Amino acid sequence: MLLKLENLSSHYGTVQALSEVNLTVNEGEIVTLIGANGAGKTTLLRVISGLVRPSKGQVAFADQRIDQLPPDEIVRMGIAHVPEGRMIFPAFTVRENLLIGGVNRLDQGRPKEEVEAEMQKDLEAIFKLFPRLEERSGQYGWSLSGGEQQMLAIGRGLMAKPKLLLLDEPSLGLAPFLVKEVFSIVQTIRDQGTAVLLVEQNARMALRAADRAYVLETGSIVVEGPAKELLHADEVRKAYLGG
Amino acid sequence: MEYILETKGVTKRFGGLVAVDAVDLQVSRGEIRGLIGPNGSGKSTLLNLISGVYLPDGGDVCFNGEQITRLAPHRIAELGIARTFQNNRLFLNLTIQENVMVGQHCRTKSELSQALFRPRSSKAEMLQTRRKAMECLDFVGLNRPPEFIVAGLPHGERRLLEIARALATEPEVILLDEPATGMNPSEKDRIVDVIRKIQEAGITVVIIEHNMPVVMGISDLVTVLNFGRKIAEGTPKEIQHNPDVIEAYLGEDDEEEGSSDAVEARES
Amino acid sequence: MHRRLILVVTLALTLVMGLWGAVSAEEWIPIEEFTIGKVLHMTGDVALTGEKQRKGLELVLDETNAAGGINGVPIKVIFEDDLGTNPGAIAALNKLLYDHEVVVTFATVRSTMVHALSPIIEEEEIPAIFGGSAWSLSELRNPWMFRVRCDDRTVGTAMAKFLVENLGHKKIAALHDSDSFGTGGYQETARALKELFDIEPTTVQKYASGTKDYTAQWMAIRDSGATAVFGWGTRSEDDGIILRQRKEFGLDNLDYVGSASYSSGTTRDIAGDTAFGVHSLADFSWNTTDPYQQEHIKAFEAKYGFLPDTDTTWTSTGMIVFVDAIKRADVLKTENGKHYMRPVKETRRRIRDALRETKDLQTPLGKANCDVWQNLIHSINVIQVVPEGERYISTVTVDFELYQ
Amino acid sequence: MNTILQLLFSGIAMGFVYALCALGIVLIYSSAGVVNFAQGSLVMLGAYIGVTFLTKAGLPVILSVICSAIVMGFVGVLFERIAYYPLRDQGSTIVIISTIGVSVFLNDGVYVLWGRAPLFFPPLLGGPPLELLGARVPPQNIAIAVITLALLLFQTMFFKRTWLGRKMRAVAQDQDTAALMGIKVPKMIDFTFAYSTILAAIAGIFAAPLFFVSPAIAQILSKAFASTVVGGFGSIPGAIIGGLCVGVTETFAAYYLSSAYRDAWAFLLLILFLLVRPQGIFGEIVAEKV
Amino acid sequence: MQRTSFRKSIFYLVLIAIAVLIPQIVESRYYMSVLNLASIYLILAAGLNIYLGYTGMMGFTQVAFWGIGSYASALAMINLKMPFWTALPFAALFTGLIGFLLAIPSMRRLKRFYLSVTTIGFVEITRLILENWESLTKGADGLPGIPRPVLWGIKFNTPHKFYYISLFFVIILTAFSYLLKNSRVGLAMQAIREDELAAEVMGVNTFRYKVLAFTLSAVYGGVAGSLYAHFVGYISPNVYVFQEAVTVLCMVLIGGAGYVGGPVIGALLLTIVPEWLRFMHEYKALVYGVAVVLMAVYMPKGILGATEQIRTRIRQRVFGEKNAPVYPGQ
């Protein structure tokens, strides 16, 4: 088991965002977490990546507790988080944005030249995955379109060489054909050996792409199971659009 | 027919992004209008345009048939449109009562000189303001001591307080931005009750809400936005089964085409 | 019978009481020591001068006490910090007057502070000695204040005379700090130039204290065609920058005559060779030929290890003037090892009168003579900064009208 | 001698000093969101530390610049830990207050350590002034211009090419996302403060031969603020251009309008900008979040 | 409710009674003059409190208003031969007018930090004008011989006598601060401090109240200036410098911004404590700087904020009052 959340609760100021969440991600699978806005999906990812401290419960990654670690150490352990809204560094070029994604590898005590060479190779691999990014490698982050930003954000996450990629709403604000492209890339990533925890509002798409799924409603998991089974489950529609 | 609140092709751009794209919205007096849509679809921006927080790049906002497009927010509040915010914007270091009393500001008149000399009229007005504040608190069912400082209030009660504060402006229309977010089921029920009561009091409600049971349960009509555009409008029932809406929320239900990529990717 | 007795007793009592009162008015009060107050800069941006003032004062104080005080009564000086601000100075003076109950006091060397203190001094009738040089202080006509430093009118006149008579200039530019000291000095110099020689400055350039660049001022002076500049400055850094830039712009061919700060040790330290050749009107010069002043320098250096300057000498002078006046005022006596002073009001009045009669008293700043404006010092030294230190040129004494 | 050119050159020299101080303010603002009211005092402290190494310890020029920079770097971290870190979530006003407290402390603290008299700082580049197109420019002024431009070049390279520079830039743009990249955000903020303070030290050391070393140096703070606003608050090129604008404007206005009001011109320029172009020359992207 | 307000009134009455009796008890003119200065600073701080504490804007202009008020009052008395009792209101109104004219463009245009920077400039420009407009202000030399106030033939020429004038204005202006804070207008100002946008949307004309707050703080500055001019009898531009602005700012913050009593405590503390600290000489400013930083870190809401927090905690612990108002920062 790669990632395991046990009885996880969290508060945002006075709001209880998560209550008693249990969730696992195995190696090499895409797990999706779906639910309406405000259900607590983003908070869950922020807890995993260490930006928010849980108020109760545990997070274990590769059999190690990580819920008290700072975000930078969690990245080094192999969790990359692609945040909601992409959060591209606007004043960085595409290339710089990608490079900064791999910056944690420098702090692992290996010789700098070796790491830089390795990163150069990974950079090329990412450009292969996203040819658009290579075309725009000299452009500034702010000048990219939404779809390009999303690809950049994913590419930046991959530069960390993660064992687990946390993706927060990659389809947000994207035109449908781009959404498809993004999801196919997510699967490619999985196939290259990186587990993915995908948070999505676009439930159908996410369920089609994922292996397993959890449905979150106001901070609690209400349904879980194989993604395909949930694809047409009534609970899902209810969670989004109500009775 | 005369609508109480109407937007005509209202548009707002941020940089290159069109957040609200030529939206026409007609709200009739006394109804509860739900406003839904996925994240980033422009709902809050629309509310900000109506309440005057943003100036639109195009189109008009009308209230009771009069243009209010370029009025300052406080003027719009004075005319009778009140609102709450998505992320509580209460006056944290003031008391509960004072928060609601600020809402009464545009309905009272005391000026500096009255503050200094405290004539009988101004005292009476202050008393009236306090009483009104207590009424509003009662209305939403918030029964804390009035001098309780808001910073110590739990989330659910803050939501109610925001509504009470908006009600204190004695509005004809109240805009609620996600009032039920982060609430537990019993609190949600309370909010629903309050919104019903507001409607009963003759106030028109426009509500943005992600919690579908809430919004579908109380709305007379629901308007759906996606990518800044209005994609559907109808009764909750219609909306729940509108394919466009389902697509906007759940993604395309397009088995063959949608799965092809996925299958391909998996098999490769 | 009874009634007569009562009458007699009452009368007798009244008489005794009356006599008692009369006698007590003449009575000398027993005291431990004679106290003098000093409002001093201890904090704020001019605290540097405070320390020096204190040393100058203590030099004379220690000498006086070593010689047995005045009529056997030891003298004590109490210092209070003016915090570098006018309100601070007011608080300090009040503290001296009412908490320490000093008999006489020193005000400060800053004219604006002396202005702020003047109403208290006048209302409370305290003999006060000050070092502020602004002529406007004389115009207050405060009967209790005495100046022991050359006033701006005297310096301005001496400066004008030196510029025209000794250096032979007719085209003269002015450069001055826009603070009280700089403006006052400039106005007096310009007035003297006008009245004595009918010369108007070719240009008048002002600057605010702490200005870091004087290009505009120097360009304007150069463009005005002046052959000499007179400068009134307060702060050594400002003087230093002015002199450095004068050299950088190649304007060191213009004769420069500056106020006292231009020859101060600090200015010379930081200005280095750019100060050479500059004339300065200094209250005090190390190279005077006056034997009394040379002796003062020796004594000062022996005690503190550095040379006295304007800041130290005005307080030394003030102390000498006070001691002399108190001696003459006949307000202190010692009998059987006990010290006595006349009643405070009378003591103060007598000291004031004695101060007014100060005549030909030797001080480090020259002979002290009280004139009608209650200014005591009337001579100023013209010196020139040279690589070896300074060159004493002359001492200019301006005519004055003795107090009578 | 050409008056206009002379005024221009002097204005530019002053402008570079303002720019160096402004640069430190901008860097701290963009990485930590703090308006540092102590930057002027840090410039002053840099000059004092520089003069100590140079004249008291008798080190050669280069070595004393380096030593001062190191010492000031530590001062910067200390400053951050005391006046910023405990208050980082408290809102900007209270941080402004604490930086004001630090500046009060420093302005009088130097008296205790270095005495009251202003100190002489020998020019790092001595020699007679150069004749340039009929104007005289002291070598020190050229040194200031060169060092500022060199620093800017170095800084650009450092921020563009090195990993540390990239990390610092990432933190300045978005602290949360930077943390997600595995960057130690608090450490980067330490570095930014250290770097800004080192800039202050360099500004102090290069300005000291012109100004002499005294707490009056701290007064350039207000001009530096004016520079940041004129240039566009938060913009690095803006700080430089803003500094030059302020320096040149005040020098020319002092000559042509009134030297007594010299300090007012910088502020009038600032007010003019605020009224006409509040985002400054380079413009800060401001979006009010609702 | 009724009882606490009664107790409060008694408390204030006792305070005022003590304040009135002070000159009878304190003989030292030194302490009385310190108290007079403290009163003047108190009024300055109370003005800043309206602007900073109630309305939540940061600025340093108070010291410039102080200067303008001083000169307006002194010149009105010297040149226009006004008696003190008309010169003071004249100065207050004149300063208020300047504040109003300054506020209109600033409040419309400037946000956040820009306002603080602009106000630094305003302080500097005011001082330069006072120093250089020699025909009116007599320049750097200052204006000597400003007449003392006279009322019914009594000349207020000693700190003991003048104290009653200072006290009168302190009470009036503090009372006004109190009435303002608890009025509709004051509530609107506090709403702006807490959340400007929310206040605007609730129907508060934020621009108008910000201008009003700024103008009122200017009026307070004018009164303080007038009192200062006539208490000292001499004014000069070198008094109204940026450091004084920082001092006044610290008074408000240390006492507790937004509390009516904040400036009272802050001004008394920061005028009287430095007098006690006289023995520390040059270290005083150091202590001051350290105190400001410590204050910011440990007591961001000032002394009154801290005591209120402690009181609430005690009430919660000891009496178990769950509903006791809770203050942020706990």
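Letters are used for the chains, namely A, B, C, D and E, taken in the order the chains are written, and counting of residues starts over at 1 for each.
One rule holds in what follows: a contact is a pair of C-beta atoms (placed from the backbone, for glycine too) under 8 Å apart; a residue touches a chain by one contact, two chains touch by 3 or more.
Small disclaimer: the values here were computed from a predicted structure and weren't measured.
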| item | value |
| --- | --- |
| Chains contacting each of chain A and chain E, listed by label | B, D |
| Labels of chains that are neighbours to chain A and to chain C | D |
| Remotest chain, chain A as reference, centres from CA atoms | C |
| From chain D, the most remote chain by mean C-alpha position | B |
| CA centroid of chain A to CA centroid of chain D, Å | 41 |
| Centre-to-centre distance between chain E and chain D (centres being mean Cα positions), rounded to whole Å | 33 |
| Centre-to-centre distance between chain D and chain B (centres being mean Cα positions), rounded to whole Å | 47 |
| Shared-contact residues (touching 2 or more other chains) in chain E | 128, 131-132, 197, 282, 285 |
| Contacts with 2+ other chains: residues of chain B | 53, 85 |
| Residues of chain D engaged with two or more neighbouring chains | 108, 111, 258, 260, 263, 290 |
| Residue ranges of chain E in contact with chain C within the complex | 27-34, 37, 128, 131-132, 134, 139-142, 144-145, 157-159, 228, 232-234, 236, 238-239, 244, 274-275, 278, 281-282, 284-285 |
| Residue ranges of chain D in contact with chain C within the complex | 1, 3, 6-7, 10-11, 13-14, 17, 108, 111, 115-120, 129, 136, 138, 207, 210-212, 214-216, 219-220, 251-252, 254-255, 258-260, 262-263 |
| Residue ranges of chain C in contact with chain E within the complex | 42-43, 47, 80-81, 83, 85-87, 90-91, 94-95, 97-99, 111-112, 115-116, 118-119, 123, 134, 136, 140, 178-184, 206, 208 |
| Chain B to chain E touching residues, read off their complex | 51-53, 72-74, 77-78, 82-83, 85, 89-95, 98, 101-103, 105-108, 110-112, 114-116, 118, 122, 125-126, 129, 144-145, 147-149, 151-152, 165-166, 169 |
| Residue ranges of chain D in contact with chain E within the complex | 35, 82-83, 86-87, 90, 92-98, 100-109, 111-112, 222, 225-226, 229, 233, 258, 260-261, 263-264, 266-268, 270-271, 274-275, 278, 288, 290 |
